[in-house]
Every structure is written in C-alpha cells, then in structure tokens.
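Going by the order they are written in, the chains are A, B and C; count residues from 1 in each one.
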Amino acid sequence: MTAERSILPLELRQVGFSAGRKLLIKELSCTFSANSRSVIIGPNGAGKSLLLRLCHGLLAPSAGSIVWHGAAGREPSFYQAMVFQRPVMLRRSVAANINFALSLRRVPRGARPALIRDALKRTGLSRFARHQARVLSIGEQQRLALARSWALRPQVLFLDEPTASLDPSATHVIEEVIDAIHRAGTKVIMTTHDLGQARRLADEVLFLHRGRLLEMAPSEAFFAGPRNDLAQAFLRGELLWWQRRELTPP
Amino acid sequence: MTDFGSALAAAFSLVIHLDRDLGEIVLLSLRVSVIAVFVAALIGLPIGAAVALFRFPGRTVVAVILNALMGLPPVVVGLIVYLLLSRAGPFGVLGLLFTPTAMVIAQILLVTPIIAALTRQVIEDLWVEYEEQLRSLGAKPRRALATLLWDGRFSLLTAVLAGFGRASAEVGAVMIVGGNIDHVTRVMTTAIALEVSKGDLALALGLGIILVVLSIAVNGAAFVLKGTAERGQAR
Amino acid sequence: MLPKPVWLGLCLALVLSGAAQADDPFITVASTTSTKNSGLFDHLLPRFEDATGIAVRVLAVGTGQAIRLARNGDADVLLVHHKPSEQQFVADGYGVARLDVMYNDFVLVGPADDPARIGGMSDAPAALARLAAAAVPFLSRGDDSGTHKRELALWRAAGIEVGTVSGSWYREAGAGMGATLNTAAAMSAYALADRGTWLGFRNKADLTILVAGDQRLFNPYGVILVNPAKHPHVKAALGQRFVDWLVSPQGQAAIAEFRINGEPAFTPNAAPP
C-alpha cells in the first residue's frame, strides 16, 4: 500500500453525458485531488449518481474526457471500489462475498482470510461471517458492501447515497466506517441528499444542478455561505420547482 | 371403455410384482432422460446466459428463436435425427440409429432450447440486479457469466426440471430414432404408445400412472434438495 | 465456442448412454405392427434365439415405412405384407430375394348393429360398395401401410374413388392398425383390419367381424434379406440365418403353433426345402 503510487488526481475535462436526446451532464470540469473527502450534493435529478458512474468508469462520457493523472501500473479501475445506494450481495455467505471480490482482484488465496477477517472486524460484522449475506438487514448489508470495498484496499472509494435507505443509527455506523476508511488513506468521493451528512463528512463540497457543476468549495466555506444563489436556495430548502426545471428563473 | 379402476389395478399389479420388463423400461427411461438433460444443461445454461449477458447483433433474433424452439415438435426432431443417423445419412457409419444414444441425441435437441430459453430469462433478470456491482468489482464477462449461473442456481434448477419433464414425457422423437425395440430402446412413453396400439388401454394408463408418479418423485426430490440447500445456506 | 468442461461432459454422457449396449450378436428386422402387436414375434423370437444365439431387434412400423427403413439400410431383414412393393424392392436391388413365409387374411370389421347390412357377405368389394352407398363411417389407416394399400386396391375393385369423399363418410386416420381400431371403436365405424392384430386387440367395444373369407382378402407375408451389395454394413450372414430359420420346418412349425385367444393367427406357407 505504502509503496504503491497514486492514480490521483482525477481530472474531468468538459465532460458531457447524454441519454437519447437528453443532455444529463453538461460541460463539467473539475479536479479531485488525493486524500480529501469530496461530497457531491444537489437536488434529485441533478446528475450526482451519473457523475460517480462516469468517474468510476461504469459509463463512458459522450463528450469530454476523464483523466487519471497518476499512474500506478494497472488500469485505474483496479484501484477503485464503489458502494451503491442499494447493496448488491451475491447469494452466498458474508465471507464468500468478500472473497469473491478479492478473487476478482487476483489477491492470492493465502492472503485473503486475513483481509476478510480484518474487513469484517472493522465493520463489526465478524460474527456474521458464515451467514447468508442476503438474510442480513439492509444496514448490515450496506456495512458488508463497505467491508467488501475495504478489503480491496482501494485508492478511491465511490459511494452513491450509501445511507439513503437506512435509519439514523445504521446511518451513523456507516458514516463511522466511511470515516475510518478515509483515515486509512482512501480518497472518498460520495453523493448524498442528506445535508447533515455532507457537513459531517465533507472536506470539499460540489453542488450539482441540472447536470452542471455550479459550485465546488471547501466544506466550511460552502456551508458558511455558497456564492451560487441556487446553492444558497438549496441549503435553505427553498429551491422551487421552476428553479429545478430551469437553469435561470423566468 | 376401460375405466380408471382397472388402470389403477394394472399399475398397482405391475409395481407390486416388480415386473422385470417394467424395471428395465423405467431404468432406460431415466437413463436416457437424465443423460440428455445433463448434456442439454451443459450446453443450454451457458448459451442462455450468454444471450442474456452479451450484446451482439441479432441478439433479439436469437432470443426469439430460442423461445420458438421450446415448442419444437418432437416428431420433427425425431425425423431430423433419423435422417442424420440413418445408414443413408451423413452419420450413418456410426451405427447409432435405434440405440439409446440416438434417443439421447434427439432429446438433447428437444431439451436444450427449453433450458437455454428459461436460463436466458432467469439470467437476464439477475443481470439487471448484478451488472453494475460485478462491473465495478472488475468481473470479466466469462467470470460474470459463471457468477450469474451459480447465483441463479435455484431458479435454474426449475429450468432443468422443465427440460426433464419434456424429455421424460416425449414419445414422438424417441419412437422414430429408438424404434421402440423390446429390451433395447423401449422406454415408458413408447411402451404406453404400444399398449394403446394393442388396444390395452388399462395397461397403457397403468404405465402412464407409473410415469406420472416417477415424474413427481424426481421433481419432489429436486424440491427437497433445493430446500435443504437453501436452508443450509441460511445457517 | 463451448468451454472445455462442456466437451468433456458431452463425451462422458455419450459414452455413458452407449455403455449398457449389448455386445451380443443381433440383427434388426423392419416389420409391421400386425406381426408385432399380435404377439407373433414374442412367440417366434425366443425360439430363434435359443436355436442360434442371435438376438432380433424388431422395428414395428407400417409396411411402407418398413420398406423405406430397409431401403436406407437401417434394417437387415424386411418382413412385411404387400407383395407388389416387396417385389419392387427386390427388383430395385435393395433386397436379395423375396420368400413366402406365411399368410393370414384381412377382415372387414364394423359395429355389431351393422347399419349398412354387410354382415355375412363373401364379396369384399361388393360389401365396400354397399358401405359407400349407405355413406356409413369408414375409417382407413391412411398411412401407406400394407393394410392401407390392400384397402385401396379393394376400393378400386369396387369402382369407388375414395379420394374424392375423404373427410365425409370416408375418414383417414393416418395411424397404425391399433390406433385406427381404437378410433373406429370409439366412432362405431367400419374398418379393414389384419386378422392377427384383430385377434389380439383388447379394445373392440362393439366392433365385430362382418366380412371375411374372400380370396381378395388373402394377406401373404414375405421375408427379404436387405442386399449387402447396396449396404455393405448389413449383417448378411446373421440376417440370412433368420430368413433360413423362418422358412425352415422348425420356423414354419413355430408359426403354425402360434395362437391368439386359442385361434391360429397365421398359416405358414414357405416353399418346402
């Protein structure tokens, strides 16, 4: 891990993405640097999840380019992991789910048990190791999704509204795990619609609206008072329906 | 007309007397169908999964053809296999016509589309759920395919059982390529057809009842297997 | 295109499916449903096997299909009952020679109440003509079998063109003798049947024999060894032993002693050696 070179920073240049005739991401440019936690916020339909998928390589941009400036030897995707809003667990045991991910990354068989044990311990799932993954509660499954990502020791972890389907206590546990993964040296890029969560976790905030990046600022500065007036309205909970539909008020 | 009473009596009498010919016929039926379904699953599961997974030109056409082939008339399959295996046909030198192997080949042709089509449906649904996760983890297509087949195994068992049902109940194809030869290629369904043609409807129905009971036993066994496997996993 | 384990599985399965096949010498005889369903083969074959150690696999199909099977080389011996087709088969070089084996006769069966009043007639074509006049249901095999060919010849002799009335009172089952009799029994129709099948048939309902004994109902069976010159894989030596045994005194005696419900079903008529 320490000897490994970083794939960061990640630069998006004039990235666009369209589905059919609809332009969903528009001329988006920004740079993600190493080590910080970047949190993307914005109203529903802003394109937050799309942006994560473009960065992670699950979708290809229809315009512009996505460039990983660092080079660590293998393809950039090898050093990334992603946790989805709804955890997708294979129909096998908790430990086998993590083992599956490790086998895909060609981690030697002998090295896997220690990684699995460690990941389960850090997410408080040790006692469930032999359980069928899909009988766990949603909160536990999301922790398992984090454990699975953690075991991979990614340089970059994407999280797409990881607590959207969870209750407050489960949310709290997930946030602790995310924080721990970050402290262990992983770059975190996540989306959320929970402003409290954004305040708690973000080092920098990106405000996305109708497929455009309207503001990108350090967390304290953003929450102290965003420069963009739509972002201000969003923080106040006053982003009106017509503002959601139009970029500028009529 | 013969009533069900005498049919039941005929079935019962065949079973309690442990009729040797009946045993032979039942064993051959099971052997032919089980081997055919085994091979059909080996071919049909990967094909069905591949059609579900991969985007290639003509994919929809392939899916439609697979679904249509599920209803392939056994007699047509029998005829095709007969023409292929006949001494006058391209594979005549193998001397396979009127052997259990010929029956297995015909049933493989009948059952593979069923298993492939049902597999495609199961795997397609599963792929919707798994696609992003598997791609995020870096699964290559072949690995993704294997993972989907394994994770869909309980639903796929149903597809395989549907194939077995078709194979064991089918008479048209095995009659043509097997010839219903006593002690060599006579199976349950052709034996039933023979008794019908002799006008012994009670015996035919009796054999039919035994076939149904066998089919229930096989399906029941599969269900129990599936139940214990799932419970074992939940622990 | 298929991965390696699949090929291995395929090979294994095919080996398995063939594994239990007997290595004993055997021949394949293409014959008719009448000889098989009547039980004649069940009576003859054990005796032949005891005498020679050769197992016989019987394909019981219609005469037409039996001849096609033999023509394709899918059988070693042909035992059927339509002399013109058999002679053609030999003339075309597919068969070595045709030998008389036995005969029985066809019978015209119909409902016991006999609405067309043909019971007891001795002239088969005349009886058929009366069926046509009364337009009572008649069920034909319609499957190009020996029985079907004979039935068509009888209609021609009666001067009736059944092709034009097919679907009205004249109906073609397109099925074997047994299936045709089942259908005829269910719809109380008249039908032409071979005596062997009729005697062994278990589902007669109210059907009964109405016309029999006409010369033109004579039903000879011939045996032919498929010509190894056409199909080199034909088991000519083994097949010849079966042919020889059928026309031998032992074979002929075995045919003569075969009974269905106490009645003789076939009369041996091979030329004396």
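Operating definition for what follows: a contact is a pair of C-beta atoms (placed from the backbone, for glycine too) under 8 Å apart; a residue touches a chain by one contact, two chains touch by 3 or more.
Just so it is clear, the structure is predicted and the values come from calculations on it, not from any experiment.
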| item | value |
| --- | --- |
| Greatest separation from chain B - chain, by CA centre | A |
| Chain with minimal offset from the mean of all protein Cα atoms | B |
| Centre-to-centre distance between chain B and chain A (centres being mean Cα positions), rounded to whole Å | 47 |
| Distance between chain centroids, defined by C-alpha means - chain A, chain C (Å) | 78 |
| Rounded Å distance between chain B and chain C, as computed from the means of their C-alpha atoms | 32 |
| Junction residues of chain C, two or more chains touched | none |
| Contact footprint of chain C on chain B as seen in their complex | 1-2, 31-32, 35, 38-39, 42-43, 46, 86-89, 92-93, 95, 97-101, 104, 179-182, 184, 194, 196-201 |
| Of chain B, residues touching chain A in the complex | 129-130, 132-133, 135-139, 143, 147, 151, 233-235 |
| Complex contacts: residues of chain A adjacent to chain B | 53, 56, 58, 77-78, 80-82, 84, 88, 90-93, 100-101, 104-105, 130-132, 135 |
| Partner chain B, residues of chain C touching it in the complex | 2-3, 5-6, 9-10, 13-14, 16-18, 20-22, 28, 33, 37, 57-60, 71-74, 176-179, 181-182, 185, 200-205, 231, 233 |
